[in-house]
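Shared between the two complexes below is subunit A, which pairs with subunit B and subunit C, respectively.
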Partner chain A sequence: MKFTIPQEENMHPGHLACPGCGGALAMRLALKALGKKTMVVLPACCWSIINGPFPYSAVKVPLFHTAFETAGSVSSGIKAALDILGKKDITVLAWAGDGGTFDIGLQALSAAAERNDDFIYVCYDNEAYMNTGIQRSSATPWGAWSSTTPAAKEEPKKNIMDIMVAHRIPYAATASVSYPDDFIRKLKRAKDIKGTRFIHALVCCPTGWKCSSEISIKLTRLAVQSGIFPLYEVENGLKYTLNKPQQISPDNKLIRSYLGAQGRFANLSEKDTKKIVADIKSEWLRLLNKIEGNICIKQ
Partner chain B sequence: MKQVFQLPPWAISTESTLYNKTGSWRNYRPVYRNRIPPCNNACPSGEKIQQYIDILNQEEGLYKAWKLLTQDNPFPAVCGRVCFHPCENSCNRSDYDEPINIHTIERFIGDIGLNEGFKWRLPRVNKKYKIAIIGAGPAGLSCAYHLRRRGYQSTIFEADNKLGGLLSQGIPSYRLPQDIVQAEIARIIKSDVKIHSNTAIGNEYDFDKLLKEYKTVFIAIGAHKEKKLGIPGAEHPSVIPALEFLYQLCAGKRVKIGQRVGIIGGGNSALDAARSVLRLGKKPIVIYRRTENEMPAILDEIQEAKEEQIEFVFLAAPERIIIRNNKIVSLECIKMKLGQADKTGRRQPIPIKGSDFKVGVDTIIPAIGEEVDTSFIPGSFLKVLDDTVSTNYEGVFAGGDAVTGPKTVVDAIGAGKKAAHLIHCYLRQVCLPVGASEKPVVFEDLNTAYFEHETRIPSGKLPLSSRLKTFAEVYQGYEKPQLKQECSRCFSCGVCNKCDNCFVFCPDMSVNKRAGKYEFDYDYCKGCGVCVLECPRNAIGLVQEER
Partner chain C sequence: MKEVMSGNHAVSYGAMLSRAQVIAAYPITPQTQIVEMLSEFCRTGRLKAKFIKVESEHSALAACIGASIAGARAFTATSAQGLALMHELIHWAANGRMPIVMADVNRSMAPGWSIWTDQNDSLSQRDTGWLQFYCESNQEVIDTIIQGYKIAETVLLPVMVVLDAFVLSHTSEGVDIPEQKLVDKFLPPYKPQYKMDLNQTLAFGALVTPDYNFELKYQIQEAMEYSLTLARKVDKEFKRFSGRNYGLIEPYRCARAEIILVTSGTITSTAREVIDNLRKQGEKIGLLKIRMFRPFPAQEVIEALEDCKKVAVIDRNIGYGVGGILCQEIKSAFCNNARRPEIFGYITGIGGRDVTPDTIMEIVIDVRKNNKADNRIKYVGLRKLR
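Showing the complex of A and B:
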């Protein structure tokens, strides 16, 4: 098998991401998919650091640093300004972490999605406020250690896909850098759709997940294979499509090897692990029900 | 100083992060390295299997593949047919689904070489050295070829009128057609190798004289002396040794056998004889003292014999041949049971007292193994030294079945190759390493996430109905599309085949592609190791940085 990703490179090395950063790779692949005619809107997140200190930048496209809660509204504004200038061929890409999406930026994102403003919103989700010191966010999974949940987080992860799908936006998808072909296909597909497009990408943070850097890609692949982070697309809030179905099954062994490789899950007891496995299996069934719901829509 | 209104509305970056050489963060450095694939490692003649499959995958041409393959083995068409393919047994793909069908790929390359008349480009002969080779079997011919590749001309002495040793005397044509054998031999002879056939050393030519004349001799006489059956009645004319029987068949002569033929043994000769008997329209019964699991014959042949519904009597040893009116009427056998494993790991058969039984046969073909006959060497005889090729005689080397006892064709070819190497070292008084001894790649080293499950493409095969009446070749080999499909299954263990994974997954854009090769940009590589783990074939290693 050989990947057929675009050769064009729209990012520079020398950026400040930690070794093995999944978020850095996500940006690299996204810019490969979207090309030079892209403007990035960046609220506070890891990428504010990764992009380098003033006056340096790691990307070859315009990138606008903005306040934590404003990715949605600034993207709406930039797109409106581009429309006024008649620059119709420029893609606006809001690039936010899980904190800026699940927590702080949710209102602005929801409002923009409700207006169906024309931009792509990518949430690269590393499941905590990593660059400020690994504080928990509402994307941190149940049972995970963080510096603000020193034993374990007691609340489940917020389901951001359900929230965005409920806005009936034209396109929402989950994506993973462990599947570069699928990741790039989804961004290219999003590029060709008008309206608010949302992509939720789980990326590994070796620093915050407390794992060795070389397993970064392997872990997010395991997340997909084990059913923890299934890859799927939702069109117009209704039509669900499961990607890579042959690769996915909520598998006890795979889930355990995913959890076992990460220091942030080191505190889990056997009972906790069983609960996580059961939760993943029921979430998986819920997703399958939604996919089967497609049949009812067709009738 | 600029006025406030002269400044842009906000700060704008003007430079790239290229200033920041993040390579200084690194504790470990990834390096491209090629490791030994298990198939190459397992091949007794040292074929670069992964490499020629890769040539086919990259569509660099069949000639290039043939050239590479024949660098190590001048008999690809023969080995593609009769080799026991240890390469396939060690193939990492067998831990995933099924091993690559290497021998059929090899056969295709070999056949193309013959059909297209591919030629070697060999160096000019250095007339200074005279080398004699005794025996024109696979070991002798392989040695002659490998010497020729190094610029030496050799003279082969063969006792028979036909060249090829066991290849042309002992393997029936439904497994190995004679025109293939002779064509591959002719190619070696044509590359300027001298031949004296019908010249047995000891009879027509004295060994001492040979040694005086040539100074350097390679003995590759094989193992032809049939072991004696040693039971009452074994001297009867209807007891035909397997090699003798196969020799007559290969020579195209008719051999008189009865209706029910008992074949004693479980090796390749036994099965060759049994399947030949079947093709002559008679009934073969194979009698073997252990079970199917311990049979030394190659697995493919056991399976084919079973497909052809050859009758087996396992756990039975012959005791006595019963002769009435000067005709064999039956073979008395005793039942065996399996005891403890011996040094070779095979369980030893133990006779069960009083369990005698009779098998009704009128001809018996013993195939219980062969021995080496070194009676032509006068006086004290040959002692083979530790490296299995050199001997206690100065300038005399020995190899193949003659040294190891009956082994396989490819072992003999490998021995010939090794002998050529050591003869070269001896003549030039240099010491060159025989081969690298690194650890081959094992299945656990691979990242199988990038491999899809695909079934092995079987070789074309004659249908059972049409193969039992003739000596026509059973296997038909591949067509080109099948070849392509099977080659694409290769994992390319330990050797980069440009899959792009390291390039795709690098978060730091530190993998550059230059002229079809990958290079790490150590100015920026942070040493995260993602490429090392995501390389499906373990062709990247991680080395600690020295500080």
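Showing the complex of A and C:
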């Protein structure tokens, strides 16, 4: 059997993630892709806990725990220092949750992206503030329960890819641990590009999504297959490429089985579900339009 | 080489001579010229540094923190609102033991908008673990930045160099620019023992349980206490090549003084003049300048003041609900001392209101006629409201 995923392991077997944590697996895959010449910048998020308390660390590379909103700015500072000290072959990896990216850290991230500072930023998006006990973020989808949206979230999920793409950064991509080959390919590709590179990875949090841990991978795969979380790449803010690890089109049945498996969507009415399906379809069309846009540019 | 320059440019020269390697700063009046001059130094190559043009002071200090932990000498400068915006990271820099040097141009906190000096911005950061120096002249500014790095990198604590808005920041004076070669000998390149390093693979700043945290915080206090000795030593060493030093505090004409005024920042220069005049007339009066505010050199302050009868502490700040902050520090320094002068507290010059020799004289006249101090706060130059 041929392994397509690097066997190099840059995470220790011991860490403090909950069973089924997609965020833990995402880091493991990312470090496999990026290798040992990597430095991690970690703002407050579940990973601040997952990596272990003093004196532990779950990763085999240097890691800097930093303030919640500073992944972008601290990464810029580290990269600048490495440059001036002549250490040019180190990848700086900012690793933040959806709260640290979509909300409190957006300003610093936007500024770093505008400067096109040279680091990879991965947002592992579990769609809420999980560290502090499942409060809504602007990445929480419409209709989802959280401890601060006890009925359901009334606002749609913020489109972080659109925001980052608007900065015309050299590389932005969505990725999923349910497609490890694609995930690793994207991180490797990002590694070879200079400037700000952004990866948006949807990951399942069984605790916060209220699902059983053994379907964690299955759920994020369903998210891709159903069109909820399409996998795509954008170069220089212009060239969109849809990645099709499997045949995808927004599918009523698949969307319903994604929602149905999660306790956070238990309160949805039939009308709510219909709205969600309709929204996913129109988002999908919007994405296809952008991909068509490529062709227009080429002409 | 002597040059005429503003306090702000003295800051920039200080950072350049210290060979800061990463600079991240954001413009705010009255600090802006510091940033402008440093970006020019970087552009022309006079300073080999990375200048990160951040979008906020919060990111400025965050970037400095990143640079510092990766092993570079980092510099930033700000004022008032910018300093307040940094607050979370001000703690981060100290708790993370990062020897960053920052210049703060004292400016009154809004609202209402003000660009003029008082010390509430920097003094409200006093319990964060940063060393603080308050400067009297532009020469002292440039020298203190250089000394600041030497101290910071030895004790692994950040240093704040404070100067008054406009009275220093925008006022030009003759400044002797130390020779780069000599500065280099005094301040060798930054070589941290611990940093982000592929060979060490450490995790910095992880969750720390009650089992460890107390000791970490205690060590900051220990480092603070050691900074007193160290700053004295560094100041003396600085004199050896530059001919200048300042002390942590400076007693001025205090011999056999019955009354001693206590000042910080530029009010000191104004008070010197008043003291000179009064001494000429035979009055037994002196002046104590507080240069280092954190750590507070309490023992030196006691020794400078314990022999006089009355002390008048002049504060350009208000600790709301308590009074002048310097005055509180001095009172508490004397609390367990057998000999204790009467300590009078005066607040003046808030929001950049002028402090002139007349203001100082008003204080002198008031102390002269009172023999017992109480805890009432006295305001000088305050308009009658009702």
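Please note the rule applied: the second predicted complex is superposed on the first by the 294 of 299 C-alpha atoms of A that agree within 3 Å, B and C clash if a C-alpha of one lies under 4 Å from a C-alpha of the other, contacts with A are read in each partner's own complex, and residues count from 1 in each chain.
In the analysis below, a residue touches a chain if its C-beta (ideal position, glycine included) is under 8 Å from a C-beta of that chain, and two chains touch if they have at least 3 such contacts.
Here the structure is a predicted model, which is why all the values come from computation and not from measurement.
Asker: Quick check on the superposed pair: does A:A81 touch subunit B, subunit C, both, or neither? Answer first, second, both or neither.
Answerer: Touch status of A:A81: second partner only.
Asker: Name the contact category of A:S48: first (subunit B only), second (subunit C only), both, or neither.
Answerer: Second partner only.
Asker: Output check: A:S212 vs subunit B and subunit C. Expected answer is one of first, second, both, neither. What do you get?
Answerer: In the superposition, A:S212 touches subunit B alone.
Asker: With the two structures laid over each other on chain A, which partner does A:T91 touch: subunit B (first), subunit C (second), both, or neither?
Answerer: A:T91 sits against neither subunit B nor subunit C.
Asker: Touch check for A:H12: first (subunit B), second (subunit C), both, or neither?
Answerer: After superposition on chain A, A:H12 lies in contact with subunit B alone.
Asker: I'd like to know which partner A:N131 touches here: subunit B for first, subunit C for second, both or neither.
Answerer: A:N131 contacts neither subunit B nor subunit C.
Asker: Is A:Y56 in contact with subunit B, with subunit C, with both, or with neither (first, second, both, neither)?
Answerer: Once the two structures are laid over each other on A, A:Y56 reaches both partners.
Asker: Check the residue A:M39 against both partner chains and state whether it touches subunit B (first), subunit C (second), both, or neither.
Answerer: A:M39 contacts subunit C only, not subunit B.
Asker: For A:N243, using the defined touch cut-off, is the partner it touches subunit B, subunit C, both, or neither? Pick first, second, both or neither.
Answerer: In the superposed model, A:N243 contacts neither subunit B nor subunit C.
Asker: Which parts of subunit A are touched by subunit B and by subunit C alike?
Answerer: Dual-contact residues (subunit A): 51-52, 54-57, 60.
Asker: In the complex, go through subunit B and note every residue touching subunit A.
Answerer: Going through subunit B, the ones touching subunit A are 11-22, 25-26, 447, 449-452, 499-501, 504-510, 521, 523-524, 526-530, 532-534, 542.
Asker: How about subunit A: which of its residues touch subunit B in the complex?
Answerer: 1-3, 5, 9, 11-22, 24-25, 28, 51-52, 54-58, 60, 177, 180, 206, 212-218, 221
Asker: Under the touch definition given earlier, write down the residues of subunit A that touch subunit C in their complex.
Answerer: 36-37, 39, 41, 48-49, 51-57, 59-67, 69-70, 72-85, 90, 107-108, 110-111, 114-115, 117
Asker: List the residues on subunit C that touch subunit A in their complex, please.
Answerer: On the subunit C side, the touching residues are 21-22, 24, 48-50, 52-56, 58-60, 62-72, 74, 88-89, 92, 196-198, 200-209, 212.
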